[in-house]
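Listed below are the structures to be examined.
Next come two complexes, and both contain chain A; in the first it sits with chain B, in the second with chain C.
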Partner chain A sequence: MGTISIYIGRLYKDFKGGILVLPSRTIAFFFCLLLLLIPLITTEPYILRVLILSSIFAIFAASWDLLSGYTGQMNFGHALFFGVAAYTSALLNLHVGLPPWLTIPLGALAAVLAGLIVGVPCLRLRGPYLALATLAFPLILTGIIFVIPGITGGELGISGIDPLSGSRLTDYYIAVILMLGLGFVMWKITASKTGLIFHAIREDEVAVRASGINTTRYKLLAFCLSGLFAGVAGGMYVHFMRIAGPSTLELMLSFQAIIWVIFGGIATIYGPIAGVFILYPFMEFLRIIPEIRMLVFATLVVLILLFMPEGLTTWVRDKIEKECPRCKLRNIATRKSCRVCRADLD
Partner chain B sequence: MSYPFFEVENLTKRFGGLTAVNRVSFQIGRDEIVGLIGPNGAGKTTLLRLITGILRPDSGRVRFKGKDITGFKPWAIVDQGITGTFQITRPFRRLPIIANVMVPCLCPRALKRGEWVKKIEAKAQDALEFVGISDMALEKASSLSHGDLKRLEIAKAIATEPELLLLDEPFGGLNPAETELLAKSIRRLHKGGRFGRLHSEGPTMIIIEHKLAELMKIVDRVIVFHFGEVIADGTPEEIVKDERVIEAYIGKEVI
Partner chain C sequence: MNRVMKGAILLLLACFVMVAAGCPAPVVNEIKIGVIGPMAFVQGEHHWYGAQLAAEEINAQGGILVGDEWYQITLAQVDSNEMLSVTDAATAMEMAITVENVDFLVGGFRTEAVFAMQDVAMGYEVIFLGCGAATVELCTLVADDYETYKYWFRVTPINSSYLGMVDFLLLGMVAEEIRAELGIETPKVAILAEMAVWADSIVAAAYVYLPAMGMEIVGEWRPSPIATEVMAELSAIEAAGAHIIFTTISGPLGITYARQWGELEIPAASVGINVEAQKEGFWDATVGKGNYEMTMNTYARVNITDETIPFIDRFVESAGEFPTYNAGTYEALYILKAAIERAGTLDSDAVVAELENTDRIGTAGRIVFTDAHDVTWGPGYVTGLGVQWQDGEMKCVWPPADGSWEGVVYEGAVDYVLPPWMVEYWAP
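Our next item is the complex of A and B:
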């Protein structure tokens, strides 16, 4: 009895010192908690469906951020990774009979390969040339898909794919837990030494090279990692929707990823996740006014960019937290002095 | 067989019709500090960029410790032991200053040599300490003054633990007191040894500089550049008396 209360006490202390101490962490914590507990409130299939798709697209958007937000290699054809994994998973499931827990990782590996294939020619390209080249790849693949409808199903796509689990609730937990897990992994990558080099490449690639670092290798790594995570999203999408069609390669999907990331906050990983969980359900909600849906959506995005150019999460974070001028640690905005070094906060 | 520590041979670089570096050859021994001087536009920076692999020469060779390193990628050159700084500083502006120096600390050469260093951050901190800006470590690089950016540039270069260090106008924009301090640091670096977790091989140096009075105090030898060619090569005493050098430098200004 005594030991248990000690443990609970310690847990509470960790919770207080680690999570409650910063509002951004508190928000993140309760976001995760809420996602995990939603089925207790409602199991309405439509709501779960929207949240499952949000989770899948959150992985997808964060993977764009990992590549383009961090290394600055603007990828305007991110749907390529999504689509490659989608078709790979679908074909492996339909023709080889592999179950989803195998087709999704294999689809993601195919997307890594796609990352290499795109990454190599893109290494030499910069700015608008890189943007155009990346834009072209999904278009090329779409072309190929229409040329061999016998295998790919052409315009109709591949249907008759196994469901993720068979139960909406299990699907929900798979999607949410994978999203939270992979989001955490991506965030850890960006906070690592590799992440630092990604940052530096975005700032000044020549200077990174002159610092003795093989930027080619790191840029390819970024393409492959990004492909991996986007691929998981693509594979999950296919098994959830039970169809792999050319829409998984669409230009609109690539742009959507960019909009989600920039709306939420670029080069943060959590920003894109927030961006998707706000914009995707909002877009679904707007179906009640289909005529002006796109107009409302676009207006919202433009307004956010106008008033919060660094994205929503970065803006909110700067409002609720201040950086200590001395030790650069973040503090809740209401504090007068830094929680660690006691320097005046103003 | 013996070979020179560092050697460039007939190095040539053209930009369109302009020959910025024209058949340049010289050799440098292991423990020298060499000044590279010449009027603006003489091709000094271009020569440095050819050596560090940022530019590729049109013809000619660069050899380091007997090995032909012509056309190596910049990171491979650093791996061999040659690091240069940029005349126009290139900080990672939106990153903290300490992170700026952690990047070169993460290059394979630095990792191999600093295996005993537990934390990259600590080593980067010592490199900043060496150039005298460690108190600003957590600030963003964009907040640094011009002179401090020059020092950051040097901290980044020495973090790779080079055997040949190329400095492009390290005193540019520094006031006399700062120049004095930096000159002292450069001499200490050249002697070699350990500065906290930062190790110095006592690198050979090539220093491009316009502040001749300061430069002459540090260097053993001076190479003079004019229109992409070497016009003189000797001790500081010889150089200040050289007819062609006086003409290249002062002559033009008088006319």
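Our next item is the complex of A and C:
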């Protein structure tokens, strides 16, 4: 009994020191907790559907942030990864009979391959040239899909795909847990040495190369990692929607990912997740005023960008937290001195 | 009237108002029908107008008799946003079923989105009457997996295979006219199809069927669906010596093409699909230069049945526009009413069984469903129409007025007319 109390005490201490110490971490913790507990409040299929799709698109948006937000490799055709994985998963499921738990990772691997195929020719390009080149790839794939309708279903897409699971509740937990898990993995990657190099490439690639780092390898790695996570989202989407069509490669989808990331906060990973979980349900809510739905949505996005140019989460974080000028650790905004080095925060 | 009397009357009135306000409203049974479509686009608007017109008429007649109880129709407008997002369309379908609690659904337009919406509706075993997507495969699913997909029926349009068949029948009729009037035994055909995937299959089929139909292909031109200039193509077609331009156009190109075809007086008859020419605004948009343009259509002011013209008049009066085939939601509601009344219940399986027995003389023809729950095409059923613009009016010219196609004649149909400048150019 005593041992259990010690462990509980330690756990609470870690929780208090690691999570409750910062408001942003507390918000993130309660957001995760709320997502996991929502089915206890409601099992309304429509609400669960909106949250499942939000989870899938959150992975997709965060994967764009990993590539473009962190390394600065501006990808305007991110739907390519989503679509490649969607079609791969659909074809493997329909023609080979593989179950979703196999087709989703295989689809993600196909997206990694797509990342390599896009990454290699694009490595020499920068800025708007890179953006335009990446924009072309989903269009090329869409063309290929229309050329071989016997395999891809052409304009109609591929239907009759197995569902993610048999029940909406299971679908929900698969999507949410995968989103939280993959979001955490992406966040850890960006916080690692690799993430630091990604950051550095965006800021000054020449300086990074002068430091003896093979930037080509790291940029390719970013393309592949981004493709992997976007691919998981594409595979999940296709098994949830049960159709893989040309819409999975549409420019609109690529642009949506960028809007979600810019809205939530670029180069943060949690920003895109917040962006999707605010904007996607908000768009659903706006169904009550269908005539001006897009107008209200666009106005909100413009206002946020006008008053919070670095994104919503970054703005909120800067309001509730302060960075220590000496040790660079973050503290709650109400503190006068740093929680670690005691340096003056004002 | 003295003051006491006035006061008594006012008191009485006040009591009456209070009692009336306090009385519970009479219980009205209702059947909720979701009208799902891209409401920001003309297709969704016509879904809505068609359904609204039918609901008003049915409710005015007392509603739908289920067993021995009358039910009023309540419509729920569901914007699928399917033109922009397939995901949105499927979510809208789920919202309609689980939040709006609709009993039945009508509508749908973009094929990929309809596939996604169909899956959601079938999952909830809610009857969905399609009024927009022509793809054969939507009904093939019913034949392949009846138990899952039996709640899907297509009311309009006729499926894409039949649409292709009508397209070639129209072409054949024009070729016959050229043979008879101009003595040209092997008319030369220029294919003018917009650069879009849906047009590819028609172009491919043309290469197979046209030689067998006694025609010669002189070339293929594929301008953009939004091209604002096709003079180069038309000049090349004229130079190639074409007698017929076989069109496959859905975009605004249809206006540009028809206007310039008339302006240049290209000596070739124009026939095929031109969606812009199906609309009443075509004449003004082409400043009358679209005279003699011919296209496939669903509705025209012709007695396909006795229901057709009164329906078009009522639709134009309420919506202010000529109905497109998406207004077939009107038909869908009447089909549903009849099936529910025959079933005597709102149970989906019982209503499906009665929908399968549908045999209705509707606004676009006699509607009977096939085993795959598709609308039957052919003489005596829904046929589709060929319409030609003649001096500012959209006239029905196919099925031919002389009954030469399977004996089918619609009262009000007129003869097809070759453009006079073409006759003058090629006259023997």
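Keep in mind that, in the parts below, the second predicted complex is superposed on the first by the 346 of 346 C-alpha atoms of A that agree within 3 Å, B and C clash if a C-alpha of one lies under 4 Å from a C-alpha of the other, contacts with A are read in each partner's own complex, and residues count from 1 in each chain.
Quick note on the criterion: a residue touches a chain if its C-beta (ideal position, glycine included) is under 8 Å from a C-beta of that chain, and two chains touch if they have at least 3 such contacts.
Just so you know, these numbers come straight off a predicted model, no measurement behind them.
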item: First, second, both or neither for A:Leu196, with chain B first and chain C second; value: first
item: Chain B versus chain C as contact partner of A:Arg49, first or second or both or neither; value: second
item: Which superposed partner A:Arg242 touches (first chain B, second chain C, both, neither); value: second
item: Partner chain in contact with A:Ile259 - chain B first, chain C second, else both or neither; value: neither
item: Contacts of A:Leu141 with chain B and chain C, given as first, second, both or neither; value: neither
item: In the superposition, chain B vs chain C on chain A residues touched; value: C
item: Doubly contacted chain A residues - partners chain C and chain B; value: none
item: Chain B-facing residues of chain A, complex; value: 193, 196-197, 199-200, 203-204, 206-215, 327-328
item: Residues of chain B touching chain A in the complex; value: 52, 54, 73-75, 78-79, 83-84, 86, 90-96, 99-100, 102-104, 106-110, 120, 138, 156, 159-160
item: Contact set on chain C toward chain A in their complex; value: 39-40, 77, 79, 81, 84-87, 90-92, 94-95, 98-99, 111-113, 115-116, 119, 135, 137, 141, 197-198, 200
item: Residues of chain A defined as touching chain C within the complex; value: 44-46, 49-50, 53, 146, 154-157, 159-160, 241-243, 245-247, 252, 284, 287, 290-291, 293
